[in-house]
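Report on one structure; see the data block that follows.
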Amino acid sequence: MSKEKRFPAALARIPEATWIFLIVFIIASVLVPNFFSIGNLSTMLLQACTLTLLSVAMALTLMMGSIDLSMGGVVSMSGVIMAYMMNAGLSAWIALPAGLLLGLVFGLFNGVLVTKLKIPPFIATFGSMGIAQSIANTISEERTVTWVASEKTSLISFLGSKALVVEAGEGASNTLTISNLLIITVIAVAIVWFLFSRTTLGSNIYALGANQETARLSGINVTRWRIIVFMISGLLAALGGIVVMVRSNSVQPTIGANMEFQACVAAVLGGNIMTGGRGSVPGAVLGALTLYTIRSAMSLLGIDTSWVQVAIGVVLVIGMIINNYVTQRESQRAAVISRSAGKGGAEA
Amino acid sequence: MNRKKIMARLYGMSTLIIVVIVFLIFTVACSANGTNFIKPSNLSTILNQASFLVILGVGQALVLLTGGIDLSVGSLMAFVTVFWGEWLMKSSDMPFMVAVVLILLSGGVVGLLNGLMITKLKIPPFIATFATMYACRGLGWIYLRNRVLYSLDESFRWISTGKLFKIDQFLVKAPMLVAVLCLLIAWYVLRKTNAGRKIYFTGSNETAARFSGINTDRVKIAVYIASGVIAAFAGLMYVGKLNACEPGLGTDSNFEAITVALIGGFTMSGGYGNIWGVAGGAIVVYTIQSGMNSLKMPGQLHDLISGALIILAVFINQELVNRRMRLENDIRDERVKKD
Amino acid sequence: MEKLLEFRHITKVFPGVTALDDINIDLYPGEVHIIVGENGAGKSTLMKILSGAYEATSGELYMEGKLIAKNSPQVSASLGISMIYQELNLVPELSIASNIFLGHELRRGGFVNKAAQEKRANELLKEIGVYVNAGTLVKQLGVGTQQMVEIAKALSRQAKVIVFDEPTSSLTDSEITELFHIIRLLKERNVGMFYISHRLEELFQIGDRVSVLRDGKHILTDTIDHMTMDDVIEGIAGRKIENLFPHVRKPAGDPMLEIRHLTGSKFSDVSMTVRAGEIVGVSGLVGAGRTETARAAFGIDKYESGEVVVCGRKLPKRSPSRANRLGMCLLPEDRKTEGLALELSIRENIVVSSLKALNPRGIVRAKNEATEVGKSINSLEIATSSMEKLVRFLSGGTQQKVVIAKWLLSNSRVFIFDEPTRGIDVGAKSSIYQLMDELVAGGAAILMISSDMTEILGMSDRIYVMSGGKLVGELDSEGATQNEILKLAFSNV
C-alpha cells in the first residue's frame, strides 16, 4: 500500500466540524478584541461545559441512528432533585451520586421504550422529555431550588472552585482560570472518547447506526447496546445537571429546557449525521465550541442575545453546507481509492 | 371473515379509541368529584381551544407526511405577527386585511426558505427548521425590543373570538369553523388531488418518487410553504385571542404541533397518516389540559401526562396499523379464494 | 463421512403463509451444496433459520450430530456458521480489521487490541489473495473487495459452514472467478458451504449437490453429475420452459433515444442510440459506469456535458419528470428502494407517473383510475387478489411487473431497464422477457443494462460495452460471443 493511498484515509478521520470551527474561531479572534485571550478562552470553555457534555451524549445516540431529546429534561430533573435533596439537609455526597443514578435510570427507561416497545427514538425521547421536565416542575413547584451552604455541601463549593489560576499579565483577560468543573468535563469527555475508540463501544455504535440487522447478525446484542448508549446519554445529561447546579449555586427548574435541541445542533454541526453510522466524539466537542465561540464573541462586543440567536441560525446553515461539501469531496476521493484497491485485489 | 373486517375497521380508528378512552377517564374521575365533565359548555370550551391546535397540527402533519419536521412554526408565528403587527392594531389606519395578507405571505416566504435549505442545500429538516426557529425568534425580539403591540382591531379578532350560534349550552365559535374548514381543505387536497398523491408517494419512498417522475423537491418545498402559511394563520388566530402581538408568542407551539400530529397517528418516517387524526390529537391534548384543571391537578403534571400519552399513543397506533394492514390483506386474499 | 449439518423436518409458518414445509437437507464437510428455487420458495427463510435470525415453527437443526436447541445469531456464530449476504453487511465507517472482528473483537485486558486485529486481518486477507491494508475504511472499498472482506470475516470466525446468498449478483466476472477460486480453497479446508444463486450456470461451475425448493417444499436433492440444466429449471418452475428468450429481430425504425457525448463524474463521452423496435444491451463490469450513465440520462443525477435526445426533443438536465413526460422511463436496478413505495397499494404505485393524464384537472377521478389500473393488471397478468393490495405483500417478480405497469400506463416509449431480472426467479424472468419483446414489437425502444451475459446475448439486437466509464465497443448480437464482450469489458479497467 503506497503512501498516497493512506493519506486520504487519515484525512477522512478529521471531523468535518474542524473547518466551521476554525472559520468562526479565527473570525472571532481577528474581529473581536479580547476574544483571543487566555482569560476569555478559559471562561468560554467553562461556559461550554454543559453543552459539550450533552453534545457528546447526543453524538453517541445520533451515530447509533437514534436521538435523545430527553437530555434537557434530564438536566432539569436531576438538577432539581439533587438541589432538593440538599435543601432537605442531605449531604452532597449522597445527592450528587443520586442525581447521576437518576440519569442512568432515565436512560434505561428511554432504552426500554425504544428497544422493547419499539417506539421510534425521536418520539420516545420527545415524550420522556416532557415527563422529565414535568417532574422537575412538579417537585420544584416551578421555583428556583436553593440550599444552605454547610459542611454537608462542601463538595459543591469544591467543584465550583478554581483548580488553577495563572496570572500571565494584568487584568482578567490575561488570567487563566481552570475550574474543577472544566476538569471534570474534560475527564468525562476523555473517558467517553477512550471507551469509544478503545473498547467495542465505538464499533458497536457505528455498526448499529449503519444497519441494525448487520449488527445483530454480527452477534452484537442490539437491545443491550442500545440501552447502554441511552444510559450513557442519561448519565452525561445528569452530569450536565451537576455542572449547571454548581455554577449557579441553585437550580432553576427550566434550566435544561431546549438544551437537547442545542446539543443536537452542536452534534450535527460536528459532523454527526441524523441518520446514523457517521460522526465522531471530537466533532461533537468542536460543534459545541463553535456555538460558544459565537456566544462569547458577540457578548464581548456587547451584542444583544437576540442577535446571537440569529447568528447561530446562520452559522448553522453555513456549517451544514461546509460539512456537506467536505463529505462529498471525501466520497469522490473514496471512489478513486476504491478503484485502485479493487485492482490491487484483482491483480493478486 | 366478518370478525376480521370489524377488527380491521377498529384498528384503523386508533386515534378515535384514544379520544374515547381519555374522555371516559376524565368523565369518571370528574363525576367522582361531583363535576360534570361532559356538559355542553365544557365540551364547547374544549373544542374551541382544540381548534387552535388543529390548525397547528394540520401544518405539521403535512410536513410529517413527507418525512420531514418543522420546528420553526412557533417562532414563525411570533415573528410574522410582530413584524406586521402595527397594522393589526386598533390605532392603525391601514385596513387589517393588508396586514393579514402580508402575514400569510411572510409565513410562506419563511416556509420557502425552509424548503430551499432542505431540498437544495440538503440540510436535514430538523436542523434547517431549527436554524429558522432561532433566527425568527431572535429577529422578533430585535424588531420589537421589549414592547408589546396591545389592543388589536376588533373586527379582525372575530376570527379567534367570534361567536356563531348556540345549540343548548354548546357555543359554536369562529375558531371551530376555521378548524373544520382547514381540515376539510387538507383532507380534500391529500385524498382527492394529484398533489396529495404526490405528497404521500414522496413520503412513502422519496427515491422511488423521483424515479417515477415526481419533482420531489417541488413537493417538499410546497409542503414547507404550506406549513409556513398555516403557521402564520395560526399566529393570526393566537394574537387575536391574546389581543396583542409579542415576540414571545408560541414558545411551546412546535411541541404542541408535533404532539397533536403524533397522537393523531402520523409517523416520523412519513407517507402514513389520516388528516382527521389531527382533530383527534388536538382534542386529546386539550381534553387532558381541561380535565386536569377540573380535577384541580397541578398544572406542572400536564407535560408528564402528555409525554406519557405520546409514547402510549404511538405504541398503540403502530401496533394497530400493522395488524390492520395484515388483516386487510388477508381479507382480500380470502375474498379471491372464495370466488 | 459424517454430516456437518442437517435440517430435519423444518417447518416455518408466518401469519397466513407456510414459508417452509417439512424440509430435510444436509451438508457434508468440504461440500458446496447449491440451493435453488423461485423467489419466495423459501431459500432465504431456510438460511435465516440456520443463522438464527428466524426460529423454526417445528423441526430440528443438527450441527455435527448435535441438536442446536435454541438458535440465535450469537449461537450460530459460536458454532462456526457464517453468512455472506447479497446486500453486503459491512459497516462503512469502520476499518476492514474492525469489520472482520465485529462482534468478536480481539481483546487485551478488556480493551480492543487494534494492532493485533489489523495484523490478523492482514494475514486473513493475504490468505484469500486480497492485498489491501486492513486499516482502510470499508467505505473506501469497491463492492468486490467488500465481498472478500466478508469472506475474511467468516474465516476469522473459524467458520465450518458458510452460506453464500447470491454472492455473485453484484460482482464482475473477474471477481466471480476469484470468488470461485476462494470457494475451492475453502473446500480443501473442509468447510461446508450452502450456495444460493439465481444464475444457473454457476451450479455446474462450483456445485457438488443441488437442492431445489418450490413454494416452501423440498422438491429434490441430487449430485450435480446426475442433473442437467433442464432438470433444474423444470424443478424450479414446476413446468418446462421452452424458450427463455423469445426475442425475434425486426428491422429497426427511427432513433428514439440518443445519448450524445455524455460526460459526468463516473463516465465520459458516452454516445448511444436506440431505435424504435430495438432492444440494445449494455454490458460491462460493475463500476463501468453503466447505471450512472443511465441515471444521468434520465435526469436523476447531474452530468457535466453532452446531451440526451428523446424522440427528437432535447432533455433538460436533472429532470426525471420532464424525461417522463417526453416518454422516457427508467426501471431501476433496485426496485424496492428506487422503484416502489412498498407501503402504498398497487393502484397508487401504478398511477403515480400518469397522474396528469388520468386526472387532468388535478382532481382525482377514482373510477377512471380503477379502470386503467384494472386493465394493466390484466394485461400484464399481475398476480394479486386486489389492486388495493400493498406492494410489500407481493413477490419480487410481481413487484417488477408493477413497476413496468406504471411506465406502460404513462405511455412511455423509451425504456431503460437496469438489471431487469436481477433476483427474479426463472418463471417470472421469462414473462418479463416476453413483455420486453411485446414492447419493442409495438414500436418502443429498450436500452437494457445487464450483468447477466446470457440475457445480454439472448435478448439484445445490438450490444454496447462500457469499461472504466467509457463506451469501448458496439457489437451486433448476431455472432457476438461472450469472450468478445469480456475482452472489451476489460479493455479500459
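So that you can tell them apart, the chains are marked A, B and C in the order they are listed, and the count of residues begins at 1 in each.
The rule we apply is simple: a residue touches a chain if its C-beta (ideal position, glycine included) is under 8 Å from a C-beta of that chain, and two chains touch if they have at least 3 such contacts.
In this text the structure is predicted, and so the values were computed from the model without any measurement.
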Item checked: Chain located farthest away, centre of chain B as origin (C-alpha) -> C
Check: When A-B is set beside B-C, which has more C-beta pairs in contact?
Finding: A-B
Checklist line | Centroid distance [mean C-alpha coordinates] between chain C and chain A, Å | finding: 42
Next item on the list: Using mean C-alpha positions as chain centres, tell me how far chain A is from chain B in Å, no decimals.
Entry: 31
Note to self: Nearest whole angstrom, what separates the Cα centre of chain B from the Cα centre of chain C?
What the structure shows: 43
Notebook entry, point to check: In the complex formed with chain A, which residues of chain B make contact?
Noted result: 71, 117, 121-124, 126-128, 130-135, 137-142, 255, 258, 262, 267-269, 298, 300-311, 314-315, 318
Check: What residues of chain C sit close enough to touch chain B in their complex?
Finding: 15-16, 298, 300, 319-321, 323-325, 329-330, 332, 337-344, 348, 351-353, 355-356, 359, 362-364, 385-386, 388-390, 393, 406, 410
Item checked: Of all residues in chain A, those that touch chain B in their complex -> 113, 117-120, 122-124, 126-131, 133-135, 137-138, 141-142, 261, 264-265, 268, 273-274, 304, 306-310, 312-314, 316-317, 320-321, 324
Item checked: Of chain B, residues touching chain C in the complex -> 191-198, 200-201, 204-205, 207-215, 271-272, 325-326, 328-330, 332-333, 335-336
Check: If you look only at chain A, which of its residues touch chain C in the complex?
Finding: 1, 5-6, 8-9, 12, 198-200, 203-204, 206-207, 209-211, 213-221, 277-278, 331-332, 334-335, 337-339, 341-346, 348
